[in-house]
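Next up: some structures, all given as structure tokens.
What follows is a pair of complexes built around chain A, which joins chain B in one and chain C in the other.
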Partner chain A sequence: MNAYNFAYLDEQTKRMIRRALLKGMAIPGYQVPFASREMPMPYGWGTGGVQVSAAVMTPEDCFKVIDQGADDTTNAVSIRRFFQATAGVAVTEKTAEATVIQTRHRIPERDLVEGQILVYQVPIPEPLRFLEPSEVETRKMHALEEYGLMHVKLYEDIARHGDISTSYAYPVKVEGRYVMDPSPIPKFDNPKLSMAAIQLFGAGREQRIYALPPYTEVVSLDFEDYPFQAGRADHDCDLCGADNSYLDEVITDDAGGRMFVCSDTDFCSERREAGHVGALGVEAVA
Partner chain B sequence: MKDMAMTEAGLSPLLRVEGLAKRYGARIGCTEVSFDLWPGEVMGIVGESGSGKTTLLNCLAGQLAPDAGRVLFDTRGRGMVDTLTMSESERRMLGRTDWAFVHQHAQDGLRMNVSAGGNVGERLMAVGAQHYGDIRDKAIDWLDRVEIAEDRVDDRPSAFSGGMRQRLQIARNLVTGPRLVFMDEPTGGLDVSVQARLLDLLRGLVREMGLSAIIVTHDLAVVRLLADRLMVMKSGHVVETGLTDQVLDDPQHAYTQLLVSSVLQV
Partner chain C sequence: MSMATEALTGGFSDAPRQSARAFRAALEAMARPGSTYVLQEMGDAPAPVSRAAATLLLVLCDPETPLHLAGDYDTEALRGWVTFHTGAPLLSADKAMFVLGSWRALDLSALSLGTAEYPDRSATVIVDGAFNGVDVALRGPGIKDVTQSRLPEVAVFQDNAAQFPLGLDFYFTSGAKLSALPRSTKVTLGGDV
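The block that comes next holds the complex of A and B.
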């Protein structure tokens, strides 16, 4: 324990990150550059999210990590262990108990409340990246609020697939000003982006931080005649029977067998403990 | 005197250029360029390679910052405004609405990985159009006007021939109904029969929409067909100006005489 400063990063670095976070909170959706540090994990594993979590964490916090909604995947387990070792904070798998939740690709099903912080791991913070390769140009477009190009992407989707086929990292407009990439969450989660908790986004390799304060207005971009639709698989969870959660499709054999289960493992197990049973589930052991 | 009379009659130039100069270090890009462009007028700028034509055009279109001079444009809201001192967002807004720029190489002016319809629609969406059906109808209408078949609307420009790309670029630029079009060698790199069709199309569109245009080219046939007025440039200086037919049929400056006489007669 004593070999590390609390939460791994030195105090000067945390101070620098907190300044970026405050600026991000003051200008919702604006990408604030910060001096991202090397972390003891590869880029793409959540180095940005880890730095943000380290900067906001206090010894009294209760920490939860999810990866695609699950608490038990490699990425989630190693980040949780990392902070157990370097900060000694309490950890949990319960969304309701956690004060800081680091996430990759999902927003928990349970509504977050005031006082909680949701930290996103972001691979590519720039929503215009694949439309306009020049970073100088995209920054200018953000500054001058020139977002016509974002609609070109949606236009192309409809022209080619008959519908807006972008299903994750669906661009949003924040408080009527900045267009933001909500990180690769499914567009099912987009309506939840206006929430009571603080949302912080960290991109380690790209060295950008952005943020959404509580109750920020977040609107998914669309066309008047092709309105935004949050999609989910047309199924109930096979384990807990939930009909309102985001589902993962799991292949169970090589003969076409499959099942749909909640991607949020905590949500699913809570429901099963409460006695809900899906089509392929078994009664919870009392 | 003549200017006064025109202003009193409620007419003012669309574009007024005063003493424009651009230097590259000690070398002259273009210098002492002044002219008025009137609504509905097409002006040609001719000269050999390196004479400063493109530098001048880029300065006028706000893509290069000139070292001296003023470029006044008759904006819709505020009358004559110096485009060099207006804010960048205003200038870029002009570039999406009242101005259009046709590049020599269509791939510079198009998004090659976006469908033809998306290319035409981009300017509409950039000024706030948010109805897919309307955007698409307008795109198809414009593709038709530049003689591109409706069933190519979802193809990418990379699947188009050079002439089609150039026509697509023109459609993309004219869709928002600009008042001033800058063209940099619009027929360069196209074979003669395609050139002829493109010129025909351009002439029709310019007359039909009452466009003002500034066309930079080294091809005298292009200006003979399109331009009302001509400006001949050499080594960054304007050496002769006048009505197109007048300049081409009765060139006064030695360089213009050389230029006109060096065109091959078939």
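The block that comes next holds the complex of A and C.
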């Protein structure tokens, strides 16, 4: 551990990221450019989130990493080990125990509280990017609050599919000003974006940082006659029986067999430990 | 202590960990406008700089951040301390990314508010020392419903918020205490909700 500076990054890099985080906090939903560094992992593996985590982490923190809700996937395990090795912080899989949670594509089911920080890994921070490829133009559109194009996109969803088919990275408006990409979380998680914890978004390859202070007003874009709906699979978790969590569909054989399980592994195992059993679950061993 | 040695002392002894803890307080403060945080491990700059303000300089300033020292904060001793510990270039108010001074000495009209396309390119103001303020109610991002606080004035901060997303962001420091007021906060006079 002595081979590295605390939390891997050098102090000047951390100061640069910290200044961007503070400006992001002061202008909720606005994308602050930052000089993203090469990290010892490929782009797309959460280099933005890792840099933000490194900049906010203190030696006393308890760190949790989730990938699509799970603590035990390759990405989550390697990032968790990275900070164990370079910052010597405590780590956990329990949402309630963590002070800093780095996430890829999910918000934990359990409500976060004041004092916790949720760090998102963001692939494409610009919500307008697939509608307008030029950064010069999208920056102008944000400056002028010119978001008509986004509503046209949602309208075209309705014209083509009968309802808004965008199911993840669903665009939101922050405090009535900036349209923001909440990262590819399922739209099921959108209503949770107004929360008591601090939310920080890091896009390493795209070199952008943005933030949501606690209790920020975050509204999912919609139409009066097609209001926003946070969808989930019409099923209960087959392991813990939860009827209110976001579910993954898991194919179990090549004969059409499948099961639905909570994507949040900590939420699911806590429920099973508490004695809840789903349709395909087995009684937890006491 | 002579001026020369005063400039060399008062930094962090374990910069990575101490600045991480101090930044965390600064982040929480900016995320929860009007809430006061007490710093534990602090820097120490020549008078009249409070230890909380000295800590913010250590955490946020470096050769990439032009700093303006306003009024009676523009002393030879402080210039030497800032240069030794942070390397921040000391420039006029209109070119500054950070500004440090007491409320009376600050001239906010000269400061950068950012641009429509890059509102983050605005100055951060560190208002140091105690002030005879007025009771205010704060609303906006980071605040659940409404919170009570005290500010040196009201109109200045209302005008600042009215320019959102442009505007200045403020830290208030006194002794070991730190609080913040970003441009996104709406300020109204009076303590009653």
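Heads up, the rule we're going with is that the second predicted complex is superposed on the first by the 286 of 286 C-alpha atoms of A that agree within 3 Å, B and C clash if a C-alpha of one lies under 4 Å from a C-alpha of the other, contacts with A are read in each partner's own complex, and residues count from 1 in each chain.
As a working rule, a residue touches a chain if its C-beta (ideal position, glycine included) is under 8 Å from a C-beta of that chain, and two chains touch if they have at least 3 such contacts.
Fair warning: this is a prediction, and the values are worked out from it, not measured in the lab.
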Should A:D225 be classified as contacting the first partner (chain B), the second (chain C), both, or neither? first
Chain A contact check, chain B vs chain C, more residues touched by chain C
Output check: A:G148 vs chain B and chain C. Expected answer is one of first, second, both, neither. What do you get? first
Which partner does A:V65 contact after superposing on A: first (chain B), second (chain C), both, neither? neither
Does chain B (first) or chain C (second) touch A:R160, or do both, or does neither? first
Return first, second, both or neither, reflecting whether A:M39 touches chain B, chain C, both chains, or no partner chain. neither
Scan A:T216 for contacts with chain B and chain C and give back first, second, both or neither. second
Let me check the overlay on chain A: which residues of chain A are in contact with chain B and also with chain C? 140, 144
Which bits of chain C are touching chain A when the two form their complex? 15-17, 19-21, 23-24, 26-28, 30-32, 59-62, 64-65, 116-120, 122, 124, 140-144, 164-165, 169, 182-184
Residues of chain A touching chain B in their complex? 140, 144-146, 148-149, 151-152, 155-156, 158-160, 222-226
Residue numbers on chain A that touch chain C, as the complex places them: 5-7, 11-12, 14-16, 18-28, 30, 32-33, 55-60, 139-140, 142-144, 175, 177-178, 196, 198, 211-217
Contact footprint of chain A on chain B as seen in their complex: 88-89, 92, 96, 111, 114-115, 117-118, 121-123, 125-128, 130-133, 135-136, 153-154
